[in-house]
Amino acid sequence: MSPSTVRVGVLGVGLMGTDHAERLAARVAGATLAAVADPDHARAHELADRLGVRAHEDPLDLVADDAVDAVVVASPGFVHEEQVLACLAAGKPVLCEKPLTMDDASSLRLVEAEAALGRRLVTVGFMRRFDPEYAQVRSLLAAGDRGRLLVLHNVHRNRSVPNADFRSEMIVRDSLVHEVDSSRFLFDDEIVEVTVLAPAPTSHAAQGVLDPQVALFRMAGGGLVTNEVFVNSQVGYEVRFEAVAERGSLTAGLHSTALLGTSTAGGEGAWGGVVPADYRTRFARAYDLEVQAWVDGIRSGTGAVGASAWDGYAATAVSTAGMASLASGAPVAVTLAERPALYASAADPVAVP
Amino acid sequence: MSPSTVRVGVLGVGLMGTDHAERLAARVAGATLAAVADPDHARAHELADRLGVRAHEDPLDLVADDAVDAVVVASPGFVHEEQVLACLAAGKPVLCEKPLTMDDASSLRLVEAEAALGRRLVTVGFMRRFDPEYAQVRSLLAAGDRGRLLVLHNVHRNRSVPNADFRSEMIVRDSLVHEVDSSRFLFDDEIVEVTVLAPAPTSHAAQGVLDPQVALFRMAGGGLVTNEVFVNSQVGYEVRFEAVAERGSLTAGLHSTALLGTSTAGGEGAWGGVVPADYRTRFARAYDLEVQAWVDGIRSGTGAVGASAWDGYAATAVSTAGMASLASGAPVAVTLAERPALYASAADPVAVP
Amino acid sequence: MSPSTVRVGVLGVGLMGTDHAERLAARVAGATLAAVADPDHARAHELADRLGVRAHEDPLDLVADDAVDAVVVASPGFVHEEQVLACLAAGKPVLCEKPLTMDDASSLRLVEAEAALGRRLVTVGFMRRFDPEYAQVRSLLAAGDRGRLLVLHNVHRNRSVPNADFRSEMIVRDSLVHEVDSSRFLFDDEIVEVTVLAPAPTSHAAQGVLDPQVALFRMAGGGLVTNEVFVNSQVGYEVRFEAVAERGSLTAGLHSTALLGTSTAGGEGAWGGVVPADYRTRFARAYDLEVQAWVDGIRSGTGAVGASAWDGYAATAVSTAGMASLASGAPVAVTLAERPALYASAADPVAVP
Amino acid sequence: MSPSTVRVGVLGVGLMGTDHAERLAARVAGATLAAVADPDHARAHELADRLGVRAHEDPLDLVADDAVDAVVVASPGFVHEEQVLACLAAGKPVLCEKPLTMDDASSLRLVEAEAALGRRLVTVGFMRRFDPEYAQVRSLLAAGDRGRLLVLHNVHRNRSVPNADFRSEMIVRDSLVHEVDSSRFLFDDEIVEVTVLAPAPTSHAAQGVLDPQVALFRMAGGGLVTNEVFVNSQVGYEVRFEAVAERGSLTAGLHSTALLGTSTAGGEGAWGGVVPADYRTRFARAYDLEVQAWVDGIRSGTGAVGASAWDGYAATAVSTAGMASLASGAPVAVTLAERPALYASAADPVAVP
């Protein structure tokens, strides 16, 4: 194995972790999958056997493994703090799926641990920053031809969610959190106030679940964001936005597919396209580009790319405020700790090929 | 002149009134332009001469004129009450441009006067109800295949507004008021609360003017509406909406034009279409269909069509609340008088050919 | 009845003639329906009674009727020559539905009769010239910013056609003929050669019917046109084109509807729009504008608008050549008679409001 | 270096070869760039130094190099035969950029050499087969819901071509050849007749150059293809098609970009997107997927993917006939040699992730 090949271990091999493991085994240049670990040992061994790698019983053993250069954390959020801290202690780059952790305090502890280390090892898996359209809009806005960004309209719809144990707060914490990060990314600014409102819910949501929700963000610099999150839309996965600047707007994700067709479906002639069923289709390329950029950054020594631990902490803090607003119906201010110098801005630029 | 031809007089021949006069003179079946009046007598006479009709010096003389069967009120809002009352007194159908009047009390007086009369003579010129797309969305929502309407997103942009004497409140009163009516029309429901927020303004607005604005409406039945109004967008006239229902959404006005092209403009190859410069292009057909439907209703005896005096009053009341919210930054409740039985619902259906 | 109101008689009250009669009775400013005639006397009387006008048993009596100022010919093509000649003899403007006549010689006789009269009384019902997009493309091409028109791609699809007595030639004569006229209109040039090719036919066409067909036109000035005509597409009525000029192209009719939506049809999420079922939806406005412009031209004395008798003759001649090409599989030259001075060009400009 | 990593040598490091070398060095999983060669030795050494690989002076030395497992041929077409034969002799997989060779006879010799070998080592670089939309259309057509493919409309435009030494035939040989392959791929059928027509040329082409051109293909099974190739469109790189089947059509590439915007360019408000400047933007992903699939096929031992030597030979034969048709203006039949059993069909299916 060439020294320039990054050997990656994956913690947690549920849906997302398995995706990452298969991606690292087959589609990432300059990387190999080296090991996996999961509390469900049978599942970990099965995947390890299929992909020809080692399975660890204890996640911390994987982090410590000399044959592992870098770690992807795809385990449940409540173990992220311990696993990311282990990576920091071992000096190994870590790509941690969102959320960074489940509450503000633990996210902040990770920020402080990394800041104490003095170099960025943590990337949070807000993959939209690597979606070519998101990246291009940020770059066009930064170029300035359309002036300052004033208003951002986000739409985030899922076909449906499992009803068992689903609570209204999960729409904020698991779905809206993506809007939180992409709003910070596109404005390059912090969110200072969040309001979450709920209209009369769809009859397709579980009893008592407030779906859809409409959220407003106020940015530190005065920008305003409207968000619709609707997780039982019955249609499919629709994620799009319109960024309204002083001289023109930019819209991404409007047409969920580049392929158009006519058909005779339903007796009435129709034209149009398919709405993807879930995020794996919509953001397939974003995930590939994210992991490739993460590996490239490790190999080239240019360091962490994408959303930082600070970004992960800020997203957690806004989510916490959003859940409070959903409960009270009133605007809730977001107050962040002081940002360590390690983190240059709300959203460091990301180059996308 | 056949008895079935409706002879129409036009009060006020500014931009809008002149449009209506020319439309009645040339493009409306079953109607003729009979007379015009304007405080600027020279302008009235010039138009009257050009179109071969009579000019009245006093608007109330036009209303009383035996050769006038019906009246279009296109004069400034502060004289609407007197002119519409004169039409009601004369028993003549009147198409009154929005706003019905400048304040809630006077609008309510018109409602009460018409209710006392016991028959509908007043149509308020919310022309969007006659735009084929708006009408079609209402009709598709009423058909119910997509379930109940949950959330409505409205966008309303103008290229620019004259800066002299422009005040932030005018965005609510003159622009957002269209969103007020179309939200009531699409939901077939009343607005019970309005919030108007202003992000850091565009540098293209006059000093002190809050532009753009983002407004939220809560509907009586629990629906929620987001609105962006931006009157100095520099681009053109963009009016569109997405109506999000329980099983699918409907989007109107997205592509401002049906004609697409590629071009070499600006050195970089581009494809797309033109954004209309103003409402006269965007809603040309809606105005034609509105006036035709108004004339058809008079001729056939089926009575008033389109937005009623009640709709005009409700729009004024929401605007008043919206201006208060813009000043305070807080949600403001909308409380309407009791609706007289003459007005069946928030928005009577309108058939569009 | 005011002398300025045009009293129109309609010959032939099948589908198209009934449409025209209803349009004239209700939606055309400055016109009234005065009389109808049809070989099916019962049908004529029924419509006349419903619309409150006179029915003639003999079409020539309608033409001669003093209470008829102008005539719409919507009867079958084989009686067009006699009826249009009668209108010319009576000096009455006539709007004749396409085809002008069924063969070159009779079409040419009408051209010569009108030329002998020295003024244009005949308009052929190629309504697409009044479709706002077609008119706008012609006007943009004439403006010259995109340079000379080089290639035109036309697509013309119908959901299905009645199978009884349907022959392959009818695709050329009844459908492709619209492409013939719009190609002449957009290029402002004559067609000098036509080739009609047939791929292996769809299984949805009747036995022996060649559907779809692909036709090529060579224009006198060197332009080239590709045409697809497919009358059993199963989808709906799709009529669109891309006009490719030296510096950019223009596409009309691509999105058959301005209203977009998402839906859950067929189990898979979809977005898009509806394809209209037939020409009456797609070209509703073009028909209205055509008849309004025809009436306006009569009232204002500015004379005939739209496609002329010459245009009708040229279309017939190209259709004849096209049917020969379909039979032989080889290109067939189109040779026209000399164009009388009365007809300025292949396609006189048409102003659309 | 792991035995499972494919070490690739690149022959020819012009624009395309340099792209491939950089792709192999950085973006392909399971492959490394091992060596480059170019008649311009300085250029080869410069690139080799930059990417840290070996440079060969003689291309056949690169093919023979034990440290090279597989070869990309990106040299000029007239040396392809010798270089591909060398790869076949060495038993090394080769990805040869189009055209396979410059004439039918030499392409056929490669087919026969590979057939004699009895296993497929040659992939021809028709990258469109790996474009997700092309692959998806083929797959949807194969699924059969829309019935049999009847007519295909291809559009291929370049902003401009260098004028020096440009000849009309190059439009057929270098541009239309892509339409040849994608028509064969989408129909899964051979082209039996080609006609190339030229309208009056654009003023932006060099003196004497026939641009644009319109070509027709007849497929063995009766399908029909229209093609527009326009290499001086001034706009940008537009490659799209509509595939018309018995029950619905499929359109790919219509919107050249997923990002839409409004802008104030040129004084008039506009909405739309950017047309890519060249094929590297439009087909960036197709190239990446093509090379990745080629490497994956080598690693997994499943053998050659994408266009075969037979596909390359057939494309050359149609191009030759097309150039003859351009000269004569008449249809030219395409007669292929008998297809060796090694090649299952006109276009083997390609799976795209």
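Side notes on the structure shown:
Here the chain labels run A, B, C and D in written order, and each chain numbers its own residues starting at 1.
The criterion applied here is as follows: a contact is a pair of C-beta atoms (placed from the backbone, for glycine too) under 8 Å apart; a residue touches a chain by one contact, two chains touch by 3 or more.
For clarity, every value in this text was computed on a predicted model and none was experimentally measured.
Counting C-beta pairs in contact, the pair that comes out ahead of the other among A-C and C-D is C-D.
Relative to chain D, the most remote chain by averaged C-alpha coordinates is B. One inter-chain figure worth recording: chain B and chain C are separated by 36 Å, centre to centre, where each centre is the mean of the chain's CA atoms. Inter-chain centre distance (chain A to chain C, centres taken as mean C-alpha positions): 56 Å. Centroids built from CA atoms put chain D at 43 Å from chain C. Touching of two or more other chains is recorded for residues 233-235, 247-249, 254-255, 260, 262-264 of chain C. By the touch criterion given at the top, residues 147-148, 150-151, 153, 155, 197, 199-204, 212, 214, 216, 218, 221-224, 226, 228, 230, 233-235, 242, 244, 246-249, 254 of chain D touch chain C in their complex. Interface of chain C with chain B (complex): residues 1-2, 26-32, 132-133, 136-137, 140, 146, 247-255, 258-264, 284-285, 292, 296, 353.
Partner chain B is touched in their complex by these residues of chain D: 159, 233-238, 255-256, 260, 262-266, 268-277.
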